[in-house]
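Look at the two complexes coming up: chain A is in both, with chain B in one and chain C in the other.
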Partner chain A sequence: MSGEKPILEIKDLTFTYAGAETPALKNINLQIFEGEYVALLGLNGSGKTTLQLCINAVIPHMIMGDMEGSVTVQDLDTAEYPTRELAKIVGVVFDNPEFQLSQMSVAEEIALGLENLGVAVEEMNPIIHEVLDIVGLSGLGDRSPFELSGGQQQRLSIAAALAMRPQILVMDEPTSNVDPIGKEEVFAVAAKLNRERKMTVIMAEHEVEVMAAYANRIIVMDHGEVILNGTPTEVFSQLDVLEKAGLRVPQVTEMAYRLEHDRSAHWNSVYPVTTEEAFQRIAPLFGGKHD
Partner chain B sequence: MRGVVIPISMVPGNSVIHRISPLPKLLLAGCVLVLSFSTRNPAILGALIVLGMVMVSVANIWKPFLRVMAILFPILLTLITLQSIAPAFPRPWTPIVSMGPFTIYQEGIYSGVTMVERATSMTIFALAAIMTTHPSDLFASLQKIGMPYVLNFILTMTLQLIPILQKEFTTVLSAQKSRGLKGTGFAAVLPSMVPVFVGAIERVQQLSISLESRAFGSSGAKTSYRSVKVSWVDYLLMLLTTFGTCGLLYWIITDPSLDWSRTLIFAPWLAITLFTLATIGFLIFVIIAIRVVLRA
Partner chain C sequence: MTNPVIECQNVWHIYGGSVTAVQDVSLKIYPGEIIGIIGQNGSGKTTLVKHFNGLLKPTKGKVLVNGRDTGPMRVQELSASVGYVFQNPNHQLFARTVEAELEFGPRNLGLPEDEVIDRREKAIEFFGLEPLRHSHPYRIGFPLRKLVGMASVYTMRPAVFILDEPTTGQDNVTTRIVYRLIHRLRDEGSTVLCVAHDMILLAEVVERMVVMRDSLLIADARPREVFSDRALMGSTHLLPPQITELTLRLKEQGKLPQVSLSVSESLDVFAPLFGGKSEGGQA
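Then we have the complex of A and B:
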């Protein structure tokens, strides 16, 4: 990755909301590359949403405050390009499904962005079909967005963003208002986009098990600062740091820790973070056949 | 809360009226509006109402139509009550009967009845157009006849917001009740308004960020996904509507005998009956409305 150019580069970013006394983001430095699946972890109020709003220029163009440092997406400085001009690069999905929808039908919800870009009407239906297919909502084009389940609404929001062909998909706790089945569906769509289309995904999420399985990078925020930044294995191996920030690690990782402390198991500081990894490393201890 | 907000939206169907493009329907509703305001002749207004009812029948939308009228009509009835005793009409007024401090005037009854007819005919045609047209087509048509994009968008959003806020209000209210808040009267309704209102502001902020993220507000040319097709049948209908309206207007303006305000004499018993019915009808409505709101 070293020679490659980052798709998103954040340099010395500090942001203080207008009227706030302390900054919501403190001296953030990050480089994110095309095709990465980045999970943002952190307690409520740690600055995940604020950071994500900086990526598509909502900060500083739509939300007032004091911003220092720079955010560059695809070589475009967000200080110079307002949100609407970044729509073709950054798609966003927020936590509350209903607050993002406004149209009379699913198809029109997707068409809205295309209309704003001035896409020719004949080209719209193929795009609408394609993105509905990607998110698994084919055939629901005529339904009202407000009749859909929470999971379907979030997938519609993803589809509406996808229609504009972004390279980065920013998702802010997209499953926090969604039922368990809906959560799975949303995670599955995000993973598929990342795997099959090299979509760069930046997702704030509380479900550490899911993030351990899907993300290839975890960024942990605490009081507006990035305190950890690395692969799931690297990050979840820092149990003490995470605990101090009030965060959990995946259950299998926690068990691995306890095995080390109570039963003198040795992981050489590389703890398993998914059930599969744990199985691969624990199973041999029990002998017997394995292949 | 059900029944408090007036449900005005499309009633799915496949009648002739449903299939006509929205433009002739909008034009007809507009023409009836003009006609209703240009005459006070009860017979012409009555004929418009009958025509409107024929449309409602053909479209097969009596039930939702009557549901709206059940709320609107009693409010209109106040016009008869108020006009009877204080006509919006040039003097001299012809008294029919006196009841204590109130006198019912001939011109007042005439004015009240024709005002109710006017409002009814306008409403019927507007409702018939709205209830037989998909809202998206309606907005696409409004845009076609020159309504600005942003205004159109605001209208769409407002229509979407009403049922959502209504649902939220019900949720908040039942949550507050389950937390032991005394659940009757405006005392219970008011505290629920605050979170709904705050929620609405948050929703609008979030939505504007969400829309902007989808390039809303970009300069540059926009396209429109929904488009209304206008066929020759629609043009013919619009032509007929225009000619019909012009003809009627010409007649209304040039024929002074259509002013029946001094010739249509209401017998005292008829005047009192109309006045009483209108007043009672309105009072019953007010009582029912208050009870529905308080029970919510």
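Then we have the complex of A and C:
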């Protein structure tokens, strides 16, 4: 990706919440490129949410504190542009769908954001139809958001964010309050947007096995700092560093690591991060038939 | 044979006279069992377990706790023997400090004051709540508030411990505390019912799994059997842990006799393939 211009650039970012003694973010430097699917890992309180609030300019405009360094989104310095302007570039989905839903119907929920952007009423309907279609909620426009399942509510939150035509979708543990079907739905929609529309996705998430399958980059935060930044294979191979930070790695990665370190086994290749990678490495060793 | 600590006899629960949440469930749970209850939201699992501490009474059928019909019993009578940790701790916590929250249950049981304080302190230590002991439960983050909910039930030392989605929203460090809690409860001989979507947790800690779908109990088996049954898992949209999925694929090709439920288990199986030590495992 060298030579290409990042869609998001964070330089020497340090942020301390008003009244706090220690910074929530310490000297963060990151470049994120268009079309990346970035997973943010870290314990609760490690700075993931604060970092996301800096990306959508809620920090420094709506939350008090001391910010040093810069965050640049599509060439716009977030310190100089209001959150409302950034909302056209950065869409946000929070962990609790009920937290961001307020309207009487699914369609109104989407219209609310468009209204704030000053979109004319007659232009709203096609947009509403389009974004509901993208997230698989076509035909539910008249429903109350509160009658939807958890997975549907989160997909509605995504649709509402998409209506603003963002280029970056920031998601803060979007599946922590939905059941397994809902998780599948939300991850599938995020993956589809990333794959088919080159949407840049930045997702904070605890489920490392899922992130290993979807993300092309993993950023690990610990006590306000970025401690690892690389491909899933590069990052999860650093099992000792992650464990020290209180985090786990995908089960198949741990399996390969422990075979080498605890059982004197010769894995002799990079550690797998997905089931498929592990299967490809192991299945031929059994001999006999394999397909 | 020991008597079941909880027994459901053809239990139905119909909300508002029309919504069937639990249909004709019969189930016996024995003292000391560690059981996972799985299924999608709306499958009836939370409705079912709320019958065990009297929060709900069956529309039809009977629930017996220690042989007694819960029908005429009050929640207060049952709470000493069946502890229920809500999925949402806000439904459970009410005191002004974590300390007060942890004293309420034992004091309510009529325990002497030194025992009340002893149980409070043990819970603070076990759940890592020392820095929060004087905090208002509502002013601490959701994941830690859930731990306070677990701690407050633990202070009552109920014979049956029901955990509803204990690891939801938890990170790896707080999830480990939940693992340790379940192991300790098992060592203390408690019966544990864990309603959860966290398959890694269940694969490692439970000995029996009850699967609910559309208000019906559709399976009751060991986790190894449940996770090996693709049709069953698929019908409830549940995915086995990654290591179980890997070993299931190998089993389906006739390469392994059974699936592994944890990384540790899988090491014994795979080490010999890579010239490593099997450490007396099953390889």
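Please note the rule applied: the second predicted complex is superposed on the first by the 280 of 291 C-alpha atoms of A that agree within 3 Å, B and C clash if a C-alpha of one lies under 4 Å from a C-alpha of the other, contacts with A are read in each partner's own complex, and residues count from 1 in each chain.
One rule holds in what follows: contacts are C-beta pairs under 8 Å (C-beta built on N, C-alpha and C of every residue); 3 or more make two chains touch, one makes a residue touch a chain.
Keep in mind the model is a prediction, meaning the values are calculated, not measured.
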{"item": "Partner chain in contact with A:I168 - chain B first, chain C second, else both or neither", "value": "neither"}
{"item": "Touched partner set for A:L30, first chain B, second chain C, both or neither", "value": "neither"}
{"item": "Which superposed partner A:S176 touches (first chain B, second chain C, both, neither)", "value": "second"}
{"item": "Touched partner set for A:N116, first chain B, second chain C, both or neither", "value": "first"}
{"item": "Which superposed partner A:E209 touches (first chain B, second chain C, both, neither)", "value": "second"}
{"item": "Touching partner for A:A87 - first (chain B), second (chain C), both, neither", "value": "first"}
{"item": "Partner chain in contact with A:L259 - chain B first, chain C second, else both or neither", "value": "second"}
{"item": "On chain A, positions contacted by chain B and by chain C", "value": "none"}
{"item": "Touch list for chain B against partner chain A, complex", "value": "134-136, 139, 156-157, 160, 163-164, 202-203, 206-218, 220-227"}
{"item": "Contacting residues of chain A [partner chain B, same complex]", "value": "53, 56, 58, 62, 82-85, 87-88, 90-92, 94, 96, 98-100, 102-105, 107-108, 111-121, 124, 146, 157, 160-161, 164"}
{"item": "Chain C-facing residues of chain A, complex", "value": "42-45, 95, 149-150, 173, 176-182, 184, 206, 209, 246-248, 250-252, 254-255, 258-259, 262-268, 275, 278-279, 282-283, 285-286, 288-291"}
{"item": "Touching residues (chain side chain C, partner chain A) in the complex", "value": "40-42, 141, 143, 168-174, 197, 200, 237-239, 241-243, 245-246, 249-250, 253-255, 263, 266-267, 270-271, 273-279"}
